[in-house]
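These are the structures in question, set out in turn.
Two complexes come next, and they have one chain in common, chain A, joined by chain B in the first and chain C in the second.
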Partner chain A sequence: MSAPTVVAPTVPALEPSPAFLDVRDVHKNYGAVHALRGVNFRIGPGEVVGLVGHNGAGKSTLMNVLAGTVQRSSGTFNLEAVDVTAWSPDRAQDYGLRCVFQELSLCANLDLAENTRIIHRPLRGPGWRKRAGAVILQTLDEIFPNHGVPVGVRVGDLPIGVRQMVEIARAFSVTDTSVRCVILDEPTSALGHEAAEQLLAYIRSAAERGIACILITHRLDEILAVCDRVVVMVDGQIVAERDAKRLSRAALVALMGSIEAPRERTIREDEPASRGPLVVDSPGRGAGDLSIEAALGEIIGFAGLEGHGQRERLRALYSTGRKRSAHGLAPPVAYVAGDRGSEGVFALWSVADNLTIRSVKALRRRGLISSKAERRLAQAWSDRLNVKTPSIDTPILSLSGGNQQKVLFARALASDAKVIFLDDPMRGVDVGTKQEVYQLIRSEAAKGRCFVWYTTELEELTNCERLYVFREGRAAVQLMGRQIEPSRILESSFGGGSD
Partner chain B sequence: MSLAHPRVVIAPWTYGFIVALAMWIATTVYSGLGSAGSTLSAALAFGAFSVTVGTGQMLVIASGPGNIDLSVPSVMALAAYVSMTIMHESNSMTAPGLLAALAVGAVAGALNFLAITALRLPPIIATLAWSFVFQSFTFNFGGEATLKPPEILSWFAVWRVGGVQAMPVAVMILTLVMMIVLRRSVFGRQLLAAGQSERAADLAGVEVGRVRLTAYMLCGTAAALTGFLLSGFTGGAALNMGDTYLMESIAVVVLGGTSVAGGQANPLGIWGAALFFNLMATMLNTFHFEAGVRFLLTGVLIILIVAIAPRARGS
Partner chain C sequence: MTEAAMHRRVASRVPRLRDAVQVGLPVAALAIMLAIIFWIRPAAFSFFGFTLLFRFAIPLVFASLSQMLVIMLGDIDLSNGSFVGLTTCVTALYLENAPAEATLIYVVMIVAYAAFGVLIYVQRLPSIIVTLGMSFIWLGASIILLPSPGGSAPDWLSEFMSWRPPCLPLPIWIAILAAGVGHFFITRSSYGAVLRGAGANARAVERAGWSLIGIRAATYAAAGLLALLAGLTLTGLTTSGDPNVAPAYTLLSVGAVILGGGSFTGGMVSPVGAVIGALTLSLAGSLLSFLQVPPTWQIGAQGVILFLVLAGRALTAERTQ
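So, the complex of A and B:
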């Protein structure tokens, strides 16, 4: 069915320059699911547009339609006032439209030069490797000064934060065609604080050179800091467009349809006696490394810059805890992975199977897993975490990223685990979901569970009662109670702390 | 808006059954209605052996990408030789002989897994290397001679209860048990989890190493059991008795709808594929094709089935 020309309903009040990209009444259906329901979106040269909304609001779908990786079901697509019918990533590339995907798109088995070659056709003939290396290194230097990324290393061997930096740099790298517009989907979620700041500054300077950017992120402060215009999506539709300069964080959250709950922190530094028995007790590894302790009922945080040994320590604590609990020496443990694609979900399975795998032993009745008990557990926790899914039998991959993450949370919470390790699990999760999960973590801790939480988001750390700030592989500083505030954490991360 | 065409969707694993049925009909049409029963019972009897080996191979293949057991033929022969030597054609020694065969299979599976994890060898190399070692053991046990089974074993292999062959029925029960194990047991669930993503399984509390060890040991045991029963069926253990089962054990698993990428297994589909293989051999024999043409047609048919069968969406 071809839609007749639709009269554009709402046009933003001011249209300063002709649009680089202008799409009208775009629909995208996946079977019965309407991911986009009549979206009008335009972006001019040098404009920075923020795209915000809950998980499953259609942000990623819209981005994929713009980038050509997903074909729209209907709607018009104008590129510099020329009507485009067939759109593909290849053509997008020719027109200087680039994309930084949330699920990184680099080839893990190739090095940086080879990955750069993939999107740059002119890099061929003798010496292409050297030239490709120079191109990516130059862009990396421009965006992330002092990045220290080794060019000859396979992408798979790089930590996720560095991979993200390379992905971003590749999108901005130039050979024959110039970059006109870059779409960034959660670009800072895997970056450390410093790299995120560098990227935001670069986006501004790129905008001054006429490069348009579409920034999708759940970090609203970044949106407000860097964007000219903010577009809010709810349920596959654009519900608001605002000038970012005249928008407050609270107003933005309200537009997304969720009220940011005032943080109700319980600072428990005065009553250490209420803590349960110690369940994590790991001596430091040499000079300057604090021993890590956590008791039942506590939420402790691992802070510091990305890649300073937090994740490695978390893994080590988890595997020690697992061995000890297997011998009955310690309570059971569970782990919530942040890299859900490769370490979290079981792609062939339904929501229910994914949710219960950690608990299958406990679900046995007379030797076999009881389907009834299994479904009851899956349904209860899927409801409790408010997972947005048609049913618990839906394949996990058809859920949005944030909802997949909720299932992984549910997997740990539904289990018998007393100690739960969180490996930066809220990457790319929307504000409303975050608040729900924070609430849940606090109430589960109050019921006597212990959480050890690694996160790169400063705000998130304020949920913790005690922090270990990591620096160069060591737990360098411990912060408690009122000491936990962003400036203090940053200071300790960079080695300025005195404790 | 275009609605999906209302079309009957047939699961990939049923194609084996459908093609097998077609071949049975073709054979019967060619050689007369009287042969229909004997054609089917022969296919069921031989199919039972393919299914037993294939079920073991399926567990290994499902345990993760790259996992495969190429030592299956040599384990079959070794287990058969060891058990025949122990039984020495004596009916009363049949039980110890069976246990010895199963033990040989379990140990062989454990050795395979050990070489894979301890020496970090790719499974294809580790199991191939062990198969040479097992062959040499077998050779030392019996040399070129065929060792005869005790009477009771030969009798069991062709035993019929009220006209129904007992052994294929026993193997069907094994298939049923395996379906329940995969869906409802902790081992089955953890095997499929480990097969999909080793890292995710590890972080979800699955002892990936232990689960894979079990898969390899069960595969060895299944091969050993097949070797034991096959010597009863064919009148003795021979050095090359397992040779045809190397490719067949893998082919029936894959044609049966199990994913080579791991994490997904289909025990029922193995029966369809095994019947297809055996009925096709019968059909081509009935048509008096030469060996060359038979192999050619076998290959072409396999490619056709895999190409036509709608594939499950990959991850």
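So, the complex of A and C:
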């Protein structure tokens, strides 16, 4: 028997309605690793709960336990005051509990209607395809008005941001059983600014209709904007629950145990006196497209709404840089991919192998790779970046997402590259890791490396000395020094103001 | 809103074109081969000529559909050919005199197929190894049953295989029927969507509440059933059992699936394409005989045809991307 009399001290006493979901003292062990260590969590109908914490704090495990995709090791599980012993994804579906997983769970070979069919059992029999298409389109229209998503297309042919929209819409779509609770893991990480705003607005309106939401995200401003209650996890435990209305961003960060580093950036005046030699110099392509320049020692940012040509430009710059450096015309370049799974990590390799692959040439002794030199390099850089791994021989996939990203950073930094292209690399990474990496980027830039950094997160851009704001495929505005502030960037991205 | 709708239509055109090319290419290859054959032997352009040309395509059509189901799950089946061989042995030995026992053996064989499919999933074994092992089990069993070719097919079976149905020759009827049923179940039906999804992203389908074990057991059992049909029809054609009658089916069926627009990544298969691929590959043998290519060169020449079609597909796929 459980002990229902034990009430967690931090839970506010006001409980207007019986909880939709109430779990007590949930543990989850993976062998010797304790992913969850006695978690108490409840959510009522129409409540929006934000779940925050470092990578590896247990947020995703908790989400999986709630969704039934992972079995808890122990603990009680209450659904609308009924004790549930065996919980599974299909029962979760029956009770209207849906999930949006961080790594998308759409089938790339199927179209939208078919993907919708997969989570809706009633969509079968004659005409199912038409009905499924109508269901997903209607939900898409509700959440993201004017989305323009083509329905008959395979998901694999859609860009990542659109896939994310489809996955979210699918989770909110209704056939026979109504949606009661939706768990969203980093739902806005691949969305553009406008779509993210639409989603947050929709979550609020869904809450008013009684649909509960659990929002897991590293974008704290979103949590504060939309949630009723914030739950903070550290090390597999819930350490704090607070009313979101009375919480500031700094307080929230403090609760997570990582202190937001003060903006120590000394804002240089508009043009630094001693600029290194120009290493990136690419003329604009057509009218209204600025030419992009970067010198050694600089951190250049690519800003703007997602999908306005930043990534394409970044890749073009990288490939010209590579060709030029192959001919000895320019210093060597490296590229840090943001989409870890598909273009970043080698899934079957160890941390060391993943880290040193960019430097194989330098590690060559008499035509073969020296394993001693390789290990030395890997150890040195995984220490420098503070990669949390048992050893450098650990398979990379057993690391948390943030630590995998650190390894990818280390891969670029350990190489001889002078110019490093960053393709939105901090997507879905926890605040503490971000601060460490920002620090590192700044210190590496001070040592004379050049960074060209595309990011979708506004706050990140304050690390840059100069920004190109992209609009409709062109580098439309250049901002530098004191001009770099969120409002100014937003203004330029939307095409207002200074051009 | 209208602008969004327009965007929707335009964006969906390119992938459609690509899909059309995937099936269109083997169709074109088939048409070209037929044209060459009829040009050399105009007499072949008749009811009887078609029957002769495609007679031996019937078992290959079933074997290819069986292979297609396995490839749909992201696996590959190397036991296909020897399973067909075992079926011919069981059929030639028992089906006429002891139909109940024969049926029982068939059921056991299909259950074994399903069981191996589940084993591959549960133990996370590579399908290529497990099915290679299975192929030796099937081959061994059939050699124990029938050490040298022999036995005889039941009369009704061989009579059915030489039946002349109205309008179209039997092989064409069977191909159309098989392609139609396959298209309905795999490409159009709501369960087909789940099956193809399970091949491409098993985790997503599992998270949606489906049982992967159930999906895999059912799909492998269906694959076994289709391979059984291949064996039955082949026995009807050859009228005897032979353990080594169909080792080539394993790779020919893989070729047919890939030729027909399938891909090894899982979830990307087309039953219509696989049937057309099977017809194309079985016709390639006849074409080479008509061109008087010596038999020793025929296997190599078949490979060249396969290579040309696949290269064409890769090129056009790149262009429409």
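The rule we apply is simple: the second predicted complex is superposed on the first by the 481 of 499 C-alpha atoms of A that agree within 3 Å, B and C clash if a C-alpha of one lies under 4 Å from a C-alpha of the other, contacts with A are read in each partner's own complex, and residues count from 1 in each chain.
Criterion: contacts are C-beta pairs under 8 Å (C-beta built on N, C-alpha and C of every residue); 3 or more make two chains touch, one makes a residue touch a chain.
Quick caveat: nothing in here was measured; it's all calculated off a predicted structure.
Visitor: Would you mind checking whether chain B and chain C clash or fit side by side on chain A after the superposition?
Guide: clash
Visitor: Touching A:Ser371, do we find chain B (first), chain C (second), both, or neither?
Guide: A:Ser371: touches chain B, not chain C.
Visitor: State whether A:Gln93 touches chain B only (first), chain C only (second), both chains, or neither.
Guide: second
Visitor: Touch test for A:Leu123: chain B only (first), chain C only (second), both, or neither?
Guide: In the superposition, A:Leu123 touches chain C alone.
Visitor: Taking the superposition on A as described, I'd like to know which of chain B and chain C A:Gly286 touches: first, second, both or neither.
Guide: Neither partner.
Visitor: Should A:Gly328 be classified as contacting the first partner (chain B), the second (chain C), both, or neither?
Guide: After superposition on chain A, A:Gly328 lies in contact with neither partner.
Visitor: Applying the touch criterion given at the start, work out whether A:Ala337 contacts chain B, chain C, both or neither, answering first, second, both or neither.
Guide: first
Visitor: Identify the overlap between the chain B-contacting and the chain C-contacting residues of chain A.
Guide: On chain A, no residue contacts both chain B in one structure and chain C in the other.
Visitor: Mind pulling up the chain A residues that touch chain C in the complex?
Guide: Interface residues on the chain A side: 67, 69, 88-93, 99, 101, 105-110, 114-115, 117-119, 123-125, 128-129, 146-154, 157.
Visitor: What residues on chain B touch chain A, complex-wise?
Guide: 1, 4, 180, 184-186, 189-190, 192-193, 196-197, 199-201, 203-206, 259, 263-264, 315
Visitor: Could you please specify the touching residues of chain C with respect to chain A in the complex?
Guide: Of all residues in chain C, those touching chain A are 1, 3-4, 7-9, 11-12, 14-16, 188-191, 193-194, 196-197, 199-201, 203-210, 265-268.
Visitor: Which residues, counting only chain A, touch chain B once they are in their complex?
Guide: Listed in rising order, the residues are 1, 29, 31, 73, 318, 322, 334-335, 337, 342-349, 353, 357-358, 360-361, 364, 367-369, 371, 397, 411, 415.
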